[in-house]
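Structures given as structure tokens follow.
Presented sequentially are two complexes of subunit A, the first with subunit B as partner and the second with subunit C.
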Partner chain A sequence: MTTPARIAGLPPAFYRVGAFVISLIFIALIVLISGASPVTVIGSMVGGAFGNADQIGRVIATLSPLLLCAAGLVYTFNAGLYNLGVEGQITFGAIAATWLLRVVYPEGATASLLPPPLAIALAIVVGGIGGVLWGLLAGALHVYGRISEIFAGLGLNFAATGIAIYLIFGPWKRPGVASLSGTQPFDESLWLGTFGNTEATPVALGLGLLALAFTIIVMRNTYFGLRLRAVGRNLRAAYVLGVPARRQLLSAFFICGLFAGVAGALQVVGMFHRLIPNISSNLGFLGLLVVMLVNFDPLWILPVAFFFSALNIGSLQLPLSFGLESSLAGVIQGLLVLFALIGHGLAQKYGRKPGE
Partner chain B sequence: MTAMESGSLLVILATAIAFATPLVFACIGETITERAGVINLSAEGTIMLCAMVGFVAAKVTDNVWVGFVAAAIIGALIALIVAYGAITLKQSQIAIGFVLALLCSDLSAYLGNPYVRVPGPTVPPRFPIPILQDIPLIGPLFFREGDILVYAGYLLIIAAWFYFYRTRGGLTLRAIGEQPAAAFARGHNVIALRYAYTMIGGALMGIAGAAFSLDFKAGWSYRHTAGYGWIALAIVIFGGWNPLRVALGAYLFGVLQSLASVVQSAIPDLPTQMFTVAPFVLMILVLVLTSSDWLDRLLNYLPVNARRAFLRAIHAAPPAALGRPFEQD
Partner chain C sequence: MKTNRFKVLGALLLVGALASACAAPPAAAPAQPTAPAAEPTAPAAEQPFIVGMVIVGPMNDKGWNEAHVLGAQYVMEKMPNVKFEFVDKVNPADRPNVKGSQVADELIAKGAKVVIFNSDDFKDDALETAKKHPNVVVIHASGDYAWKEGKNYKNQPNLGNLMTKMEPGWMIAGCAAALGSENGKIGTVGPLINEETRRYASSAYLGAKYCWENYKKRDPKELQFKITWIGFWFNIPGVTLDPTKVADDFYNGGFDVVMSAIDTPEVAVQGKKAAEAGKAVKYHHYNYKGGCELAPDICLGVHYYNWGPGYLKIIQEAMAGTYKGTWTWAEADWSNLNNRDTSSFGYIKGNALGAENEKLLDQFIKGLGDGSIDLWKGPLNFQDGTVFLKEGERATDQQIWYLPQLLEGMEGPSQ
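On to the complex of A and B.
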């Protein structure tokens, strides 16, 4: 196909910025279609995210598990895998953590069998193990069963949700009425401590930042990270050159499952204090968007994840103030990532090559 | 079997066909797209957004068919974005499709908000076909209970199969998905054809969305068609990219859903939400069994002839150039 000379041969940055500007225009158009003013809506979202300590706390509470998921997805993306099963890994981690807490604090008991801090720590560890199991299951289906990791993961997402719903309505149902609102909330002694009266918990934020820092170091400074990228770029070549490809792929699933499982456990002990059907709150899919937007480079995850969390919390204001749906956050996130991908493609196709 | 039992069996199967009809449109659409070498992973979002758009267009104009046309156009436009990103810009089809799946789902919730649980027009129900409905067994099952979309679904399956395997155009379609370089050397415009088939597939997915909101799950609500897009993608693999087997997969899924509602009324103690997830899980399990090589290893214990026949029946390879951009130079 021929290119109009006018738009070819410009610096690559031009296309990326251009695509970003177009995405902003689309966002404004969509807000206009819904009958609201873009400026008022954006203003209300900023106010809804940073208006008071509670709201900032909620942004941090969303950011923490999102950082864990995004950090985990860096490994699978760099290994060339689309781990859409991350949602199920969060869910199964949450189920495992709930299971542990129900064991150490059985129904009808008046106190935890273990000291609460130890019980919470164990729940997070067991949640991580649950996520690893679910991640390795997808990995085994992919590596040994030759099933696309996309469909293995999606199938396992449905399965994890099914198990959660079964438990909530069956064996773990609330005394009296089983309902979509989840299991009986845990005793307050098993809740993770928070910053003041907000929903944000220092432990969750610390774990999220730790996972991200660890990931940045691994991807930049270790042989493991290099091998992972080699497998992702060209599986066959990496294998021929002596990289144990299967082991690399499975370790990517392992680490991603671990981080996602911990995120699921934190949703239970830090956020909802019980198991609910949508315990993952779509944070796994949001993590996929974050990592795609930063083009798999962990250095940029923190600002983007923070921005996306603020969008999620800020949009909760929309139904109250304007009668609009809060899914505008998802629309903005989706448009930004879509146009970033297109801008990247335009820069590659039409951008001035070095030396031209 | 008593008359009553056969009657209820008939009801289960007729319900299954109705449940499956929107999926038939979506799955055949994705099959056409993938046979041309492009994966349109946006199905989940495309179906949902088109369900909303179809419902709103039909409501505003008070004409269901306008709704279907609007849904088809939006479906084709979403597919155009996939095609541009995948074919022209050579970016990851998975990434673009996945982002569109999420984006369009959220867009449907945001823009469709004023239309949640609002009554709207629906496709006229039950349209028995003269003569054909009187054929014993087949008549009552396939040609008596359905509405016009159910029959359109049958026609689409047959038309797709005929086009794929009995026409020159179908031969080219399969060629650009298997050996694009060879098709190009024979003088076919691979890029233009891939665009065209991707958009036709997207339009069919759009019609699937409208079939939900204007007929089989009439109305619009938040996340109205959640899950069906992912299932459609799985069914295409299950059906080995062959329209007849893909359609069989869609109807099988309909039977699972239909059975789930029967089991549910028989065992009221089990939570209802289980049954909405169960068919999805079962479908994926079947997919895992048929597309992995574990089954092949089991088959090694069969006699050679039986093994060969069995393999031919269950095995299918994806189009060789699926998901890969075509380098014309």
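On to the complex of A and C.
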């Protein structure tokens, strides 16, 4: 195939911006076909994400677990692993956290057996351990069982959701009621504190930012990060050069599981205050999109994750203000990702190289 | 690098497909708002009184959810200055990461003075919203937090409950099912198990048993009344049992009448197919007035909700500033069940019932209305054989509302 001369050799930013502009045109077309005005829809979605303190709080509440998942996925992606099991790791973390809270605040009790801040902290730790277990299970299947991590992860996602549903409809069901709305909400003393009357919790945001900062440092400044990338680029060569490949792979699953499990625990103590069947809220999948979009570079995760959180929250305006199907937001999200990748690919292939 | 890029693209497609599959199950129909949506820039000649409605399923589901939308339309017809804003499919499968209370916040931010939650599953959200917005009237349809004599009373003055007293409606449905059955095998496709669904299923059983024995003069031992719970009010692929399969199992398992107790029309649709394949089967619909139109020749009847009058009263009081959080268990108008201005539920007989059975059913309805037929009366045992009501004892509202088990003689889990 010959390179089309007219579009070759331009600055890389040209392709990326061009792709973004084309994606906006596509989005506008789709909104028009749905029977609404693109400008009003986008304006309303921005207003729906940042219009008042509640909405900003919700964007932050979505951002926090998303940052944790995205940060965790940086390790597995850099190790060459497609950890689609991150959803299950969030769910199992949430199950573990719920278990801990049910132990320290048994049904029928009038107060927590432990001081509430300690109980919440323990729940987050136990959630992290749950995520690690689920992550390592996928890792072991991959490393020792030679099962593709994609299928191992997907299978374990179904298993984790199945366990959550079993618990919600079975041993942990509300008194007299088994319902998809989840387990009995925890006592308010076991809820994470929030910024004012919003749903954003400083602890969740702090943990998300901390995980991201930690990841940036590890990936850029440590020997561990370097070895992880070496394993990701060429597993065999890394092994031959003396990098303990198995240990590296399992470490990546360990860290990703830990962060995802903490995210799951935060969904329980900070967001839903109970276990619900879809406790992960698809944030793991959203995290995968974010990390792939930033080309596995943790430096860009914060703005991209923030953008997707805002899109996620703002999309509620679609049914509310326009009577549009809110899954249209998924289409918008998908188009942005697709065109960003196309732009990235074109920039790499045809973009002017430094020194040209 | 090339393979890696392909892997990235492949994984992206897979993730995208999974995410969209999780976000929007194929069963969910797109929302078609029946009322004009808010136009933020519309000139406000006269400020409308905005009522928000948080709906658990699709608003055009020909079932529970659409019945609420019809109630809202009734209010708008009677009070042109009232405008409803709807958000449907507010459940964790259709809208992950969205809570009912968040939707209510949005509706209130848009000016809603009354917010209605239309499902039992919203009890926590309704309470949270009422606490957060003490100047907004919050109505939780089907709940009991505002019932002072109830088990779960919460002292929250701006939170009220409205529920139709549908138990007699279920008795009529059960009676029609028994009258329409030849072999006495009646199956019910049930939603999830809670107090509401237990008392409804039990009411249907009581109605079926009464009519089987008293009108058909058949041996009660010949009556098999089985319920299979799918796990939610409608199908969520991979999470609930598939109601299509459950209905098919009944039709293929020799049950000649299947009753629907869920929000969506699978029982009717599969019944039609079974009848077309030559099976002598009939169905009984629920929730939606037009339920018999799905398969008119094999429909025994439908009991449907009429939320209009109940909502009208609450909204009139809210507008006047006189509404106080109360628990309302709205009664039917026995003089005319299908009076949309007065009755909390209605009943429409289907073609498959037949003229003779219609007369018997009318007799049964008359008896329920004038109190000569009272089925919540002892002796009645629970499913496990323990005594529920002693000889001559009448169940209180609390005993009926919080029914802890199915009744003796019914098949299917109580918990």
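Following the convention adopted for this analysis, the second predicted complex is superposed on the first by the 350 of 356 C-alpha atoms of A that agree within 3 Å, B and C clash if a C-alpha of one lies under 4 Å from a C-alpha of the other, contacts with A are read in each partner's own complex, and residues count from 1 in each chain.
The rule is short, and it goes like this: a residue touches a chain if its C-beta (ideal position, glycine included) is under 8 Å from a C-beta of that chain, and two chains touch if they have at least 3 such contacts.
Bear in mind that the values here come from a model prediction, so they are computed numbers and not experimental data.
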Quick one: is A:W99 in contact with subunit B, with subunit C, with both, or with neither? Answer first, second, both or neither. neither
Is A:L316 touching anything from subunit B or subunit C once the two structures are fitted on A? First, second, both or neither. second
Examine A:I276 and indicate which partner it touches, taking first as subunit B and second as subunit C; both and neither are also allowed. second
I'd like to know which partner A:P185 touches here: subunit B for first, subunit C for second, both or neither. second
Partner chain in contact with A:Y82 - subunit B first, subunit C second, else both or neither: both
Which of subunit B and subunit C A:F50 touches, first, second, both or neither: neither
First, second, both or neither for A:L141, with subunit B first and subunit C second: first
Taking the superposition as given, does A:I342 touch the first partner, subunit B, the second, subunit C, both, or neither? first
Between subunit B (first) and subunit C (second), which does A:F195 come into contact with in this model arrangement: first, second, both, or neither? neither
Could you list which residues of subunit A make contact with subunit B in one structure and with subunit C in the other? 82, 84, 150, 154, 158, 161, 165, 169, 178, 180, 277, 285, 288-289, 292, 323, 325, 327, 330, 334, 337-338, 341, 345
Mind listing the subunit A positions that touch subunit B in their complex? 1, 30, 33-34, 82, 84, 141, 144-148, 150-152, 154-156, 158-159, 161-162, 165-166, 168-170, 178, 180, 277, 285, 288-289, 292, 323-325, 327-331, 333-335, 337-338, 341-342, 344-346, 348-349
List the residues on subunit B that touch subunit A in their complex, please. 41, 81, 84-85, 88-92, 94-96, 98-100, 102-107, 109-111, 113, 191, 222, 227, 230, 233-234, 237, 270-271, 273-274, 277-278, 280-281, 284-285, 287-288, 291-294
Of all residues in subunit A, those that touch subunit C in their complex: 40, 44, 48, 51-52, 54-55, 58, 62, 82, 84, 150, 154, 158, 161, 165, 169, 176-182, 185, 197, 199, 272, 274, 276-278, 280-283, 285-286, 288-289, 292, 312, 316-317, 319-323, 325-327, 330, 334, 337-338, 341, 345
For the complex, which residues does subunit C have touching subunit A? 5, 7-9, 11-12, 14-16, 18-20, 22-24, 30-33, 37-38, 40-41, 85-89, 91-93, 95-99, 102-103, 105-107, 109-110, 120-124, 132, 192-195, 231-232, 236, 238-240, 402, 404, 415
